[in-house]
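Have a look at the structure below, then the notes.
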Amino acid sequence: MRADTGRHRRRPGDPGRATDLELRTFWRGYVESRSGPIGLALLAAVALVAALAPVLAPVRPEAFTDALLAPPGPGHPFGTDHLGRDIFSGVVYGTRISLLLGVVSAAISAVVGTVVGAVAGYAGGWIDEILSRLIDVFLMIPVFFLVLVVIMLFGNSLPYVMTVIGLTIWPANARLMRAQALSLRERTFVRAAVALGEAHGRILARHIIPHGIYPVVANTTLQVAGAILTEAGLSFLGLGDPNVVSWGRMIYEGRVSMPHGWWTTLFPGLAIVVTVMAFYLIGDGLNHALNPQARERGA
Amino acid sequence: MWTTLGYLARRCGALLLTLAVVVVLNFVLVRAAPGDPVRILAGMDQPSPEMVEALTRRYGLDQPLAVQFWAYVRSLLQGDLGRSITFERPVSQLIAQTVGPTLLLTLTATLLAFALGVALGTVSGTRPRSRLDALLSLAAYLLYAMPPFWLGMMGMLVFASWLGWLPTSGMYDVRSPQTGLAHWLDVAHHLVLPAATLALVQMPVFYRVTRASVVQVLGDDFVTTLRAAGLRPGTIFRRYVLKNALLPSVTMLGLQLGYVLAGAALVEVVFSWPGMGRLTLNAIYRRDFPLVMGIYLVVSAAVAVGALITDLVYGWLDPRIRYG
Amino acid sequence: MTRDLAAPEAGGRPPAAAEPVLEIRGLRVSYDAPTGRVQAVAGLDLVLRPGDSVGLVGESGSGKSTVALAVMGLLPAGGRVDAGQVRLLGRDLTTLPEHELRAVRWRQAAMVFQKAMSAFSPVHRLADHFVDVWRAHRPERGRRARSLALERARVLLEAVGLRPDALWAYPHTLSGGMLQRALIALALVHQPRLLILDEATTALDVVTQAQVLSEVARLQREFDLTTLVISHDIGVVAALCRRVAVLYAGHLVEEGPVQQVLEAPRHPYTAALVRAFPRLRGPRRRLESIPGTLPDLTRPPQGCVFADRCPRAAGACREGPPPVEHSGGRMVRCRFPLGGDAGA
Amino acid sequence: MPDVARQHDGARQPLIEARGLHRWYGSGRSLLARRPPLRAVDGVDLVVYPGEIVGLIGESGCGKSTLGRLLVRLEAPTAGTIAFAGRDITHLRGRRLRALRRQIQVIFQNPFETFDPRYRLRQALYDPLRIHGLPDAERRIAEVMERAGLPVDRYLDRYPRELSGGQLQRAAIARAMLVEPRFVVADEPVSMLDVSVRAEVLNFLLDLRAQRQTAFLFITHDLALARHVCDRIAVMYLGRIVEEGPAELLTSAPRHPYTRALLASVPDPDAGTAASPALRGEPPSPAALGTGCRFAGRCPLASEACRRVEPVLEPAAPGHRVACHFPWEEQRTP
Amino acid sequence: MMRWKHRAPVMVLVLALALLLAAGCGRQASDAPGAPQDGSTGQEQAGGETGGGAAGEPQRGGTLVVALPANPMTYNPNARPDDAGIMIFQNLFNKLVTLDDQYQVIPDLADDWHISEDGLTYTFYLHPEARWHDGQPVTSADVKWTYEAILANQGLAAGSLAVIDAIETPDDHTVVLRLKEPNAPLLYNLAWAGVYIMPKHLYEGSEDWLSSEAAQQPVGSGPFRFDSARLDEHVTLVANPDYFRGAPYLDRLVYTIVPDPQTAAQALMNGEVDVSITRPSLTQLVTLRTAPGVVVDIAPMPNRYYVPMNHAREVFQDLRVRQAVAHAINRGEVLDRALQGIGAAAEGFYTPAIAWAYNPDAVAPAYDPARAEALLDEAGYPRGADGTRMRLTMTIFSGGEWADVAAVLVENLRAVGIEVELVQLDEGAWIQRTVVDRDFDLTLLAGMQGPDPDQLRLRFGSMGPLNMMGYANPEFDDLLARAAAVTDQDQRRDLYFRAQEILAADLPFVPVAEFVAVHLYRDAVHGLAHHPEQVGSVPQWGFHRAWLAD
């Protein structure tokens, strides 16, 4: 009887095995996923809006127009809020903030998570013991409440919010990267590099991280979406940065006009849905392309 | 048996470690934050040393931090979460009063989400890449991308404001409180919108996991064996695939808890649901240290225990898992 | 046939001496691949008469497993039978609708897969599999079906050298060898006429493999099985089979009695393959390899598929398909076969 | 096939010498779950002389790969010593260990995994030279690739996925050989390859030995293959070497009942019948070993003594050692 | 003990301010508020159409459901500044005296009172029929015990009562307060908050007035009795048929906890609640005004938005810069846009709600961006290449209206070349940053400035605890000190008028807008405000005379 075979734990999201990728196969898998290209198209549209914000938006999002709480119509396609600010302009400019916030938060998470996870998984031993304890503990802490407490207590400027979000969501990436590093460490080409006398830092940089990064990339894409939602949640509680126009903040401010001024919350909300969905779709496309087994089975 | 116990012991150790980190983190964060509760209680009256002092002494805030921390830990070990500064009541009592509605909301929503997600996930997973699958997937993406509070607001707009079918807030009608069955029907009526909101934003998680695992299990070798043995696809699915495919969804059930509680807090705000979410925001706002720490501890413990229970249930469902 | 081992209804089956159990005619199977359709099996003829044991050997990519899956009607998505017939006990399976095919499976033809470790559902006990496989083709229901099935399972498990209480084990608690045996037992639940062993011992250690092989050899006799053994190891085929068929790139290149084919191969590929196997006896010598690689099966060559790697190949070999030569119970598909008198 | 090494056994200094090597996994630290350690390698003495090819035979799980990894210092032994050219390398670390890697190389089982798929062969082959600061990279690479049958102009700029298994394994050997090691562990180097291409890989290996006097530890589960490739063969069972001797002798006149059983189990195309199962049952778990001979449970010859006292490797003939209380005599071999 | 004299208004202010802050932060689901409601009586006629007055014959019976933004912290009415609690206390308890809608002192427990010529002795005559809900009579001993307890426990009003030297109880229904020195604001403060008379017989004996059983199960003397409460759900009161000023019309009074203004407004429109103390956003008011069945009743209150400028910052030591900021701010736009036209643009330097003390001639600089730019040029702050003269921060509270007002201010200042970055903090952090650390450029503040103008000392006196801008003018300090010590209102008025002139000249802050009290209820609710019989219209959510029409 084998006593140890049952030790494997199947958990969704755990990579079975690090993946070798050829760009072409990868792209084919990505396209096959259906969700991937749609997400990319959506994101492209969103990014275009962000880039062209000054052109698209009729006015500065902070600027007051004469129409207070005007319903959608000519001049104000999405209407105006109770201060007379143009919702359409806000949505357009908010794209920049949401993208910035999402990308920066997720990037922080990706960098921290990748480094911690790769070191933990590759080094093993007590280093892994300590780091993975840390990862586990942070994974178990309810993040939103933590972010909430920190932001509420310490302040809510955008850079701060981005950093706090980034620094609370990295453990998921670290866990992925650690699992990757653990499996990559046993991979023949890594063993071969060790046997050839390669230095550990170089092995991490050249073999472990480049190979193991894909699930982290996919997850980071999802985290962009998560960060945007988190910011929206914070803003909804009045904890957004008052100096920038973000969608969450627009909903929060527009909420006072409900139910009569439904457009003040409807459109920013839809913008969040579209953007978040773009990242989810891309993330799923990446996962699909990265997971050959699932791909073969049409998942 | 021993290995299971050993596993349990280790998991509990990890749980305690998590809670220890939570306690320290909490303590440090809350104390490091600008502003202190006495000032809020006393108002902005800078030169009133007598009152500030009296309050400070009353809540032990004059002690060195280390002493305060030790006192906190000691009382925690005795099962005492402390006394709320703002409410002048034991924290445990405040939590106990709000935990019920929160549990009612989150459990209802989660079970709904689970049932719905698994059912739809199965539908999709058995016909991957079909039109129905595409439609369901799209719906899942859409819901997944929705901020729960926004969905709640839109739900309230449509069903409470425009259609007037459902109440906007609260847990029951305070004007004419009911008893017995009528009371629970009333609660259920109030529960519809918040629970549906929370269920809908969670559903995609279960949907996606179920769909993926159904697709995966359908491709497993043992399915080929059973097909080769001449079993009907329906039989294979019901007797074999489903059990295999449900396991990951069950795992998600526990892992979701943190997310659900966060979503619940926001939804509670939208619908004035008398739960812990609102209590939390209140406590943070008032710098009610004992209350903030107590809630956070309880929430963290709940999440950790949820994960532990999930693991155990998973181990019970999946014979492969031996806690060695 | 011992009474114990026989399936309940097995006694009434008429002996069908002359009629082949399995008759494959002109079978062509292809798969979808990113680069085009892969011709995995290109015109295969193979006949298994009752009591026959045929080994299908070939290297990876030769199409041998595809043959097995095509027989069982279990080709994966993207694969399809383009032409030919697979007659099992006279019925062409390629034209059978799915529900009729389902009735054929396991009662008339069963299969033992290579990956025994994953061939059982990990969250079910072995007993569940036996019971459900039993029920799939039996009229009994409820408790009675269960006890009958378990009774049969116990007998079969003992027959393959396992303790009956293995029924209550979950797959992960059993070793690869045990699972392989259990899988063989499962294949025998309905006393099939044809048993296909697809690399059934490849994953096992040599000692375990020897154990399983000897048990299969015994079962062949005791259950009156007709077996199709698929393997890359000519040793395994030699141990289990009376005849051997050599497959190369989807083409059957040589067929005949095992001893004759291995001792005096006629096809250059067979000869090279035999030479490449290290032996335990005889002189130690430098091993030989077959230079080159398999042809691209999305664009199969005009002439002989082996021509590019064949030391005897001439221009004619590349121009048209090689002739098929039958003599003395042997078949060879080659323009310039070795030992022209071997068939005599 | 010249048995170069054997002629000089007595005179020459061993290239690599393992003494009492142990590798145990998991030491049962947990308070409640005290599980016995898994004894993968459990007291192995092994010597390889310069220019010698030693075969290491055994079933999966017997510890042969672990032993290989210990010898190349990819893992650290739990106990025991390893000496290389007379120098104790058991505890080398850091830079000195990396320097040692030039002397000791390894070839892995899976050729498709040996190269990082992200890099072209050029990069992969350049790396070892960079690491060990060897000059003339271009020339060295060209030389060894030529010998591997992979001319640089056609293969150097290819990605690993563009090569077949046989080619990859030759390239892997080429890479290992670039730094001109004196000892190479080849861990099942051909088991994943089709029979038809095994020979070209093995022959490349043999050529290298002939030219450079590189010593090899050839790990395999295939006795027949070992017989053709190796000078000496050591048979491993559950973490221990139970028999070792000259390849021809060991495969024709084995002394240990386990070796005999292994030989009998090999399906022989020449025999024409199913091999008789020489052994019943399966090996016990290396985590649950009792006292006495670890083969006793399955051994047809086992006596009470076998169950109590573990036999040690003792000479049975010149260059032939067996760990058995009742080794078969040569004349009793059928 | 000079300082203690100032304590009274300090505490009042503290209470009021806390309420107000809460109002601003309401949308965080914390205990939002009803800042305006308590304290502000100003029943005005501006709302005009309100049905709050006498409309038909009062009907008896029914349950009134009131949306309250937060739970009461405790049922000890004098311990804490508790905006939610005070809404309930006014229906459970009585004070000695209370205020009417013109901020004039009127009887409550005391039917009558007398102040000695020297202003050092106050004598109150209690209503003989007043009884606690448990049937015990309310006596002078209760009053004495209450005031002493407040002082001993550092209760909410401890500061205002500190001026009392001794309390005498010649008989059960007479209370005599002896003061250490004359103190004009005292009577007002006894009518204000944190001075509810508590039942001595129930509190006595427990070691702490907060942990006493009576602080959980309150027993008062007011028109309603405590019935039950559940955290975050409801607080239920029932009618006290034996109330000494007559039984209330309503049977039950249910406070349901609805912290979210949005939800509260929705619930009001749906008829789920009858009265909303949870204050909706001003925007919602616009909607609510047209909602069928909803009455929006708006009244001025002694509370105003203003922008303090930190004198510790070099830039604000220059009067021209302060003037420029004042000229740059378009108070009309703040009113129209951020405040949806509800309330009034602030002109002067004290609240016009306390009419007798308001100097209408001391006014802030008019909106004049050109003038502002000229002043800034003059002060040496020319526009830079990007059009910016200077960058400042404005520290504001979290919460909707604060942000709205700030948004307009930011745009106003931007127009004259002052880039303002908002720093949004919750209450705790705001206090720390501005009041304690004084680390800010501009801030935005509001707060109760009644019931007595002595209040000005807190905010702008050189020692004033809320003078976070560090403004110091000895003449101003002197004027206010003198005004507190005289009892004659005309004399006091002159002093306060002069003080406001000084503020107008020195401009330590820019007044922005006048706050309003907003009363929201269903049109079925009557007898809320303006009711002649109603005693104690400050705070004004007393439901003694309220009744429900069918």
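Chains: A, B, C, D and E, in written order; residue numbering restarts at 1 for each.
In the analysis below, a residue touches a chain if its C-beta (ideal position, glycine included) is under 8 Å from a C-beta of that chain, and two chains touch if they have at least 3 such contacts.
Given the structure is predicted, the values throughout are model-derived calculations rather than measurements.
S.K.: Can you list every chain in contact with both chain A and chain E?
M.R.: B
S.K.: Based on mean C-alpha positions, I'd like to know which chain lies farthest from chain C.
M.R.: Following the centroid criterion, the farthest chain would be E.
S.K.: Approximately how many whole Å separate the CA-defined centres of chain D and chain E?
M.R.: Once rounded, the distance between the two centres reads 88 Å.
S.K.: Measure off the straight-line distance from the CA centroid of chain A to the CA centroid of chain C, and report it in whole Å.
M.R.: So the centroids are 50 Å from each other.
S.K.: For chain A and chain B, let me know how many angstrom lie between their CA-based centres, rounded off.
M.R.: 21
S.K.: Counting in whole Å, what is the centre-to-centre distance of chain A and chain D, each centre being its mean C-alpha position?
M.R.: Each chain reduced to its C-alpha mean, chain A and chain D end up 48 Å apart.
S.K.: Which chain B residues sit where two or more other chains touch them?
M.R.: Touching at least two other chains: 33-35, 156, 161, 247, 269, 281, 284-285, 318-320, 324.
S.K.: Name the residues of chain E that each touch 2 or more other chains.
M.R.: Each of 25, 28-29, 262, 266, 425-426, 428-429 in chain E touches at least two other chains.
S.K.: Would you please write down the residue numbers of chain C that are in contact with two or more other chains?
M.R.: Chain C, residues with two or more chain partners: 172, 175.
S.K.: So in the complex, the part of chain D that touches chain C is made up of which residues?
M.R.: These residues of chain D touch chain C: 1, 59-60, 164, 166, 194-200, 202-203, 206, 221-225, 227-228, 247-248, 251, 261-280, 282.
S.K.: Which positions of chain B touch chain A when the two form their complex?
M.R.: Residues of chain B touching chain A: 14, 17-18, 21-22, 25-26, 29-30, 32-35, 128-129, 134, 137, 141-142, 144-150, 153-154, 156-157, 161-162, 209, 211-213, 215-216, 218-219, 247-248, 251-252, 258-259, 261-262, 265-266, 269, 280-281, 284-285, 292, 296, 299-300, 303-304, 307, 318-322, 324.
S.K.: With touch defined as at the start, can you tell me which chain C residues reach chain B in the complex?
M.R.: These residues of chain C touch chain B: 72, 74, 102-107, 110-111, 113, 115, 118-124, 128-129, 132-133, 136-137, 170, 172, 183, 186, 189.
S.K.: Over in the complex, which chain A residues touch chain B? Could you list them?
M.R.: 3-12, 34-35, 133, 136-138, 140-146, 148-150, 152-154, 225, 229, 232-233, 236-237, 248, 251, 255, 258-259, 262, 265-266, 269, 272-274, 276-277, 280-281, 293-294, 296-299
S.K.: So in the complex, the part of chain A that touches chain E is made up of which residues?
M.R.: 62-64, 68-69, 82-84, 152-157, 237-239, 241-243, 252-253, 255-261
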